[in-house]
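Next up, some structures in structure tokens.
One chain, chain A, links the two complexes that follow: it is found with chain B in the first and with chain C in the second.
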Partner chain A sequence: MADLVNLTIDGKPVQAPPGTLVIDAAKRAGIEVPAFCYYEGLSLQAACRMCLVEVEKMPKLMTSCTLPVAEGMVVRTETPTVAAARKSMLEFLLANHPLDCPVCDKGGECELQDMTFRYGAGESRFSENKVHKPEKQWSPVVFYDMPRCILCYRCVRICNEGMGVNALGIVNRGVVSEIAPNKQDHLECDECGMCIDICPVGALTSGAYRYHTRPWEMEHVGTICAHCADGCKTTLGVRNNQIIRGNNRDRSGINDEFLCVKGRYAFDFYNHPERLQSPLLKVDGKLEPVSWSQAIETVAKKFQQVREAGGKFAVVGSNHTSNEEDFYLQKFGRQVLGTGNIDHHRTGDVPALLDALSGKTGKLAVSADLYQRKAVLVVGADLALEHPFLSFQIRANYRHHQAHVYVVTPRPVREDAVAAVSLRDACADVFGPLESLRAKLAAEPELVIVFGDVVKGEAVRRLVDFGESLGIPVKYVALVDYSNSRGAVDMGLLPDAGGLALPEMLAAGDLDAFWVVGANPLKAGELRSRSAFVVVQDMFLTETARAADVVLPAACAYEKNGTVTNVCGEVQKLKKALGTMGTKPDLEIIGLIAREMGAAPVMGPWTAEKVFDEIRRSVRGYDIPVPVVAAGGAAQTMPVNGRIPLDGRPDLIRSARDSLFTSGTLGRYSKVLNSVVESRNNR
Partner chain B sequence: MLYNEPSPHEVKVLTRRFGLENSASLDTYLATDGFKAFKKALEMTPEQIIEEVKISNLRGRGGAGFPAGLKWSFVPRNSPKPKYIVVNADESEPGTCKDRLLMENDPHQLIEGVLIAGLAVDAHAGYIYIRGEYRYLIEIMDRAIAEAYSCGYLGKNILGSNFHFDLYTHTGAGAYECGEESALLESLEGKRGVPRIRPPFPAVVGAFQCPTVLNNVETYCAVPAIIRDGGAAFAALGVPKAGGTKLTCLSGHINKPGVYELPLGFPVMKMIEEVGGGIRGGKKLKAFIPGGSSCPVLTAEECQDLTMDYDAMARKKTMLGSGGVVIMDEDTCMVRAALRIMRFYAHESCGWCIPCREGTTWIRKLLQRFHDGMGQRSDIALIGDLAKNMFGRTFCPLGDAAAMPTMSIVEKFYHEFEDHLDGKPCPYEKARQLVMA
Partner chain C sequence: MTLSAELEARFDKLLKSYPPGRQRSAMIPMLLYAQDELGSVTPELVEEVARRVGVEPLQVEEVMSYYSMLHRKPLGRYHVQICTNISCLLTGGEELWQHACKKLGIGHKEVTADGQVSLEEVECIGACSWAPALQVNYAFHHQMTPEKLDRLLDSLRKAQ
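Up next, the complex of A and B:
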């Protein structure tokens, strides 16, 4: 490329695009310049002065984090002057630092520790009293220890710029400056914990993690968050078969380092005291613990009886189980039980979108598109609450690429702050406001349209027609609710033509067997077929499980391998982090029932890998590259050719509209989510 | 009002109306050549105005001494954004008390200077950022601005010229840091007063992200005289490369402390002896701060044959600064002086960057312990070392301002530190009354 800038760093010739900062250019050349306050993607501070380097013809040391590369620039990062400067900065930093590493959560993964170890200042020349302030708790999950704080302002910036929440600031000045929360003594924010994660030292610590372990005592398992549909990778710290924390410091996965409160803390449902750890069988109207073999035998026998008697089955699948389990379940329902009465709680009209786009390529957006495309249109969804990661992507896009954001929602949303145009569709007809945006949207070079469950059925086709009539490349995202809502649709947890949909199942009086896997349809509804044999696979004794004849305790998403598909159709791998005694993954449970019924030859082996192979062969759009998924990457499903069978029931599509602190049934069993909500209610 | 008798050595250009009856009123101002320069400037092109300022060799009076005409010429003329004039009246440098007199006694001179700067860079709004402690001056300035509005010297269509200009005062909240130009702009915009990353400089990206001319009060006050009498006449008052006069604030152990307008290049010893009436009580000079407490301190020997101008001071490795001269006599304890200075900077450090935030406080603590008689020999080197580690590595010049006097005192008055060793009582205790800002 002709427009690269040539410079020399430590004698190495380096090329970098104009505008690159010296610190980044050095990093790309394999030269590390230490820094605390510099953080890729956030605004520049030049506050920590660690990244000072020598630049020829400059009288003073320069901060490489604010210095753009220039033609012919000669930079030296390892001279005695630079080394002395780094050492003195660390000495200054440690002057008021409590040096309580032995009890600090950050010990072992602390940037200040690492830098002190590497760049010196191991001995203190400081003999006066240090500035001390007691530790403060700002929320159930955020603690602040002022003396440890080095004031790099990363937390302030990630909260303000990254999250758009602006909950942190600075009070006082000079040596007693400190970070302060937005409500004097406490925080009112997303509780996302990004500030804790980004803190280079132990100043901000997590209420869920503090004093639990040392970092090196954990195993780190990168898996996919079990909550919303965005599919963030969360790296679980596991010790002694317990999840101690979740974060994504290794920046793997589509979400880079982003996680919301659910991804970071709400893994704790797995060891809730009410977790089922033994199969239950209804004896004299009461659920009694039984052995797995007895439970499986009972279910298999009953299923067989109903099948042989030509009875009526109904199968309800989950928004949370893996693709493999969904596939296996519907296959079992269709091929072994011989029923087309299969459904799940539908949260977004993905089939209508796939159908409207069938035959077209490059129309389905991935999550990265929200960060990269020049314009984004959000229709009828409060992304900051329902899809925090997509919201984060859009904000980052606005910040880094000045993307144009258009918002058409019923209520004010956080995206308004970065929006070029925000429209309120009071009458729930989005096409009026959309038409008024037509000229502006058509003038954009490209667009991503993200729409919620207000656009469903015919409206999806209308929206696609609108998008395609703009004359610019447009990509689409149909929002769905939960970690594998998209997969449930793709795997076919939908009724056959003539099959019963979920409300009809509940309303039918003549069901002989009702099988619910990881769902809670009886939370708000009632099963009319009182005599039906009800089998429920779940983690907890939900409303539905209480009505069951057999309850089979299921493993959660963190306790199994498999794949899930996120809201953008990106398939990612679940990795087993731990096991809970007495539970089995749904795939295994279904497999055991199949074996007991003698249906194993039809169903095939129940390992996640084998089922995934079958999915790749038989599910449309899922012929995705295995190595990408196997290596922890995200592979987007392919666009579909030909029509998608639609059952014309957009009325069944209903998003649960979970907030940041709720997550369907799962959220009810998360201590952290509950404590956050509680602390807010108690204010 | 005036606080000291004028000296016959003064060359009164900026202070020519000081002492006149009602000198702050527009009537007095108009009766004494007021707004003549502005009327003349209306006939000139912006290039001519800037050229005239360049010819005058006017250098920034806030402390850094950057050529004013050059600074103005950096403003991108063809920028579609509005441009602003900002007056730095956050006079907080210890030892400096000149801007307050200029505003108190001749506010219209400042207004006229601002208007001419507005003409030069096509700005139509200006802000006077006045330190919070100068509350009474805000009233004086507001009154003068209101007067100027009512007589058509501010507002729309000034003097029928189609030039419009709005001027506002803005209060600081008591932070020395806000005298640093970019922190001042942050504070002006209603944010926390911390400095900005530069470049870009305010001339390109200043107040509200728009091109901004930002100068000290005294700098703007010199502009009417430059335009009225010509840049060459102003330049001729001073020395080559630094034109005009400088308001010099004499304080410390001197018989006649006060603010005197002296031509640049005035001999230091003559200033002390003849303008300031000599050292109080006939004592000997020990140390000399030429331009506010941020400047490296000079010894009595260094002051011989020294003149008050930018280049001469630079040759002695110190600065003319803001003109805040502090005289210290032979009874002064230099450790205590260093402590007093560092106490100020530790209190005023904004906390933004590490070396200044931690360094100032650490050195203050060390000096305090040392002065209390609990110092060790190694502490002397440590104090100097810490100051050196701060110097040139901080985000803004506050760190340098704290480091320079410390380094110079440790270097030049090393023996006084030694005198405090081994629990000896301070040998200079009788001179406790060090008069510093």
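Up next, the complex of A and C:
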């Protein structure tokens, strides 16, 4: 490492690596220099002049956001001259900025408001009329109020650089400059809302949040997004038992401040009008609402009858339920119902990867590796649409560390823009293109290989052989689809040897009981066992629930505690944000059925903490530090090979290839995902 | 869109004039040359230039809306730009501007009905030593007087 540079900031001796900007050096020394346009991680703009500081031997005030540190530099950040300069900058910014803080969404968490309070520029000497333009709506989720905009370019840069979408720009000049969307009067983009979050004022506002509440009136609950497998932390703003917004401004999760449209807006399925709020029992071919006790009793009695008669059970688990629920469900299936017919919709070949990595350590990448490692190889996945956070990490890695990105996909993808080499595998054989990259990849110091469901079964082993033959440290990520797809595999929602896999359950004509927890296998398929007793736990009356004899209304991911495991095997905590009347978490439902069947002593208590404790003791790789997870962090599982018996059925692995605006059955019930124009454009 | 062979050649040369990855630098000269040939910058041209320099059309729009010498509507065949900046103002530029407006019956960035002449009041054109000055397309006219302006405008109106 190069020698550190010594400088003095506000009388404090500070050391920083060469090239560090004064504003960052000050921040690291605990000194805040205010800035609107400067944003860590984005390109420099130098537009707002709020970060002016006094530097000895320099003739005038300097912008600390563009000034690199120098040996012996003496910086003062809070002198009367600096304060006066900042005050006049604020007066300029406020020349056209309306004083509508009392009705502005940003009030209370507005950087301009905070600075005006600090430097006292609340009164203006300008008597001219303020420039005014009416507010514009660019999409169901993005609104723009031109007069409030201070032209810091943060939104433009996060959209261009962070997201790689280029949907925002600044048109006109001088006092009439304004932000413009890419389609004249509306936006066609990722609808991620990053621009809204990053706006230091109330110029860009959120369709979900606007005019609903004040930031201090909400309770902020940090939990994990219920949609894709990336495991982004979304901090839900909850008021009066309603979720009003999702964001991650506190940068508390693995995703820092990143969220896509799903994490930020698509929490709105929880209060969809079709949400089930009462158990349903099929009476004369029609589902009628009944009490919880009656529903549980019916299920328990029937399960008991089938078990005593030596009947055939089949259990289908979910890609969305918590680790605890998955574990409890498979335990119930195996130990109480005595069946090995347990499965879920498999979306990526994680078992094959773990198997291929037998005897090797440090081979599984975490999401941070995609930002830190020198090279990344993406095989067969459109990350920007299917795994937006992993895609964001790769773009940031390219911008900040000049990482080499290699892409082998069937179609053009957004990663092409940052790729050193992009290859199209039209014939779906990825190994041809991979061999042609061999020399280049072997010359990299290290590599992360991310692969989708085109690589499964024997191909996973081949891919690992290929990676290991490069002679460099390689880490792997097997992509899976949903919020706890990885956990479902790890917890053992897979058939025992000789047990039925999901398609075989549907095809079997002799099932006596079919139990589906948080899945929709009858969306495309049909259950041949017409006389089977069907129990479904779900939030909505899905195709599967319609075919059920008993439907038990389940709580969603935002309504329960527990843990989930993301695509990289990082375990994070779900935190209950609210409750919906009439519903129960799946863990409790399974527990109640167990109690009714007299199986409670076998199953143990159905609290998330107790079950997680059992997971830590009995699921290999899950012996992770509890405080890390309890405190809201992410702990990577350290799986050992051989935990999951391979059934050699790669044909059952099929990613749903959800885009940014679809999310399996759950996506149907999100108003936002269905209202944005892009969801109709088949993006 | 199809462009003339000369323009194609010019575009090719411009795109090669900048280091790899900096092709967006060619955007402004490309717009100016294309405007000279097509008479204005059309939406199709915006798309075309964006595609060639590898940016989004919105980023060409940013440039279009910033620079005053890029026009979305066709100008006259002869575009008369009269300077009213400091040196010209002191030597009668303002009067020349008023005179021209009155004579042609048009104002700033407007075109005569026959499409022959258009007027624009501009800032310094770098001809202070010969003020008051004006520019017709790319030709300069120095030390103008109302009489000289009359003769010039008459000739432009008749010119083919």
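FYI, the second predicted complex is superposed on the first by the 669 of 683 C-alpha atoms of A that agree within 3 Å, B and C clash if a C-alpha of one lies under 4 Å from a C-alpha of the other, contacts with A are read in each partner's own complex, and residues count from 1 in each chain.
Here, contacts are C-beta pairs under 8 Å (C-beta built on N, C-alpha and C of every residue); 3 or more make two chains touch, one makes a residue touch a chain.
For clarity, every value in this text was computed on a predicted model and none was experimentally measured.
In this overlay on chain A, chain B clashes with chain C. Of the two partner chains, neither chain B nor chain C is touched by A:602. More residues of chain A lie in contact with B than with the other chain of the pair chain B and chain C. Look at A:170: by the touch rule set out above, it reaches both chain B and chain C.
When the two structures are aligned on the shared chain, A:85 is found in touch with chain B, with no touch to chain C. Of the two partner chains, neither chain B nor chain C is touched by A:99.
In the superposition on chain A, A:626 contacts neither chain B nor chain C.
By the touch criterion defined above, A:182 reaches chain C but does not reach chain B. By the touch criterion defined above, A:47 lies against chain B but remains apart from chain C after alignment on the C-alpha atoms of chain A. On chain A, the patch touched by chain B and the patch touched by chain C overlap at residues 169-170, 172-173. Put simply, chain C touches chain A in their complex at residues 55-59, 61-62, 65-66.
For chain A in complex with chain B, the touching residues are 44-49, 52, 60-61, 66, 84-85, 88-89, 91-93, 95-96, 125-126, 128-129, 131, 150-151, 169-170, 172-177.
Residues 175, 177, 192, 197, 346-355, 357-362, 365-366, 369, 382, 386, 389, 392-395 of chain B are the ones that touch chain A when the two sit in their complex.
Against chain C, in their complex, chain A makes its touches with residues 166-173, 180-182.
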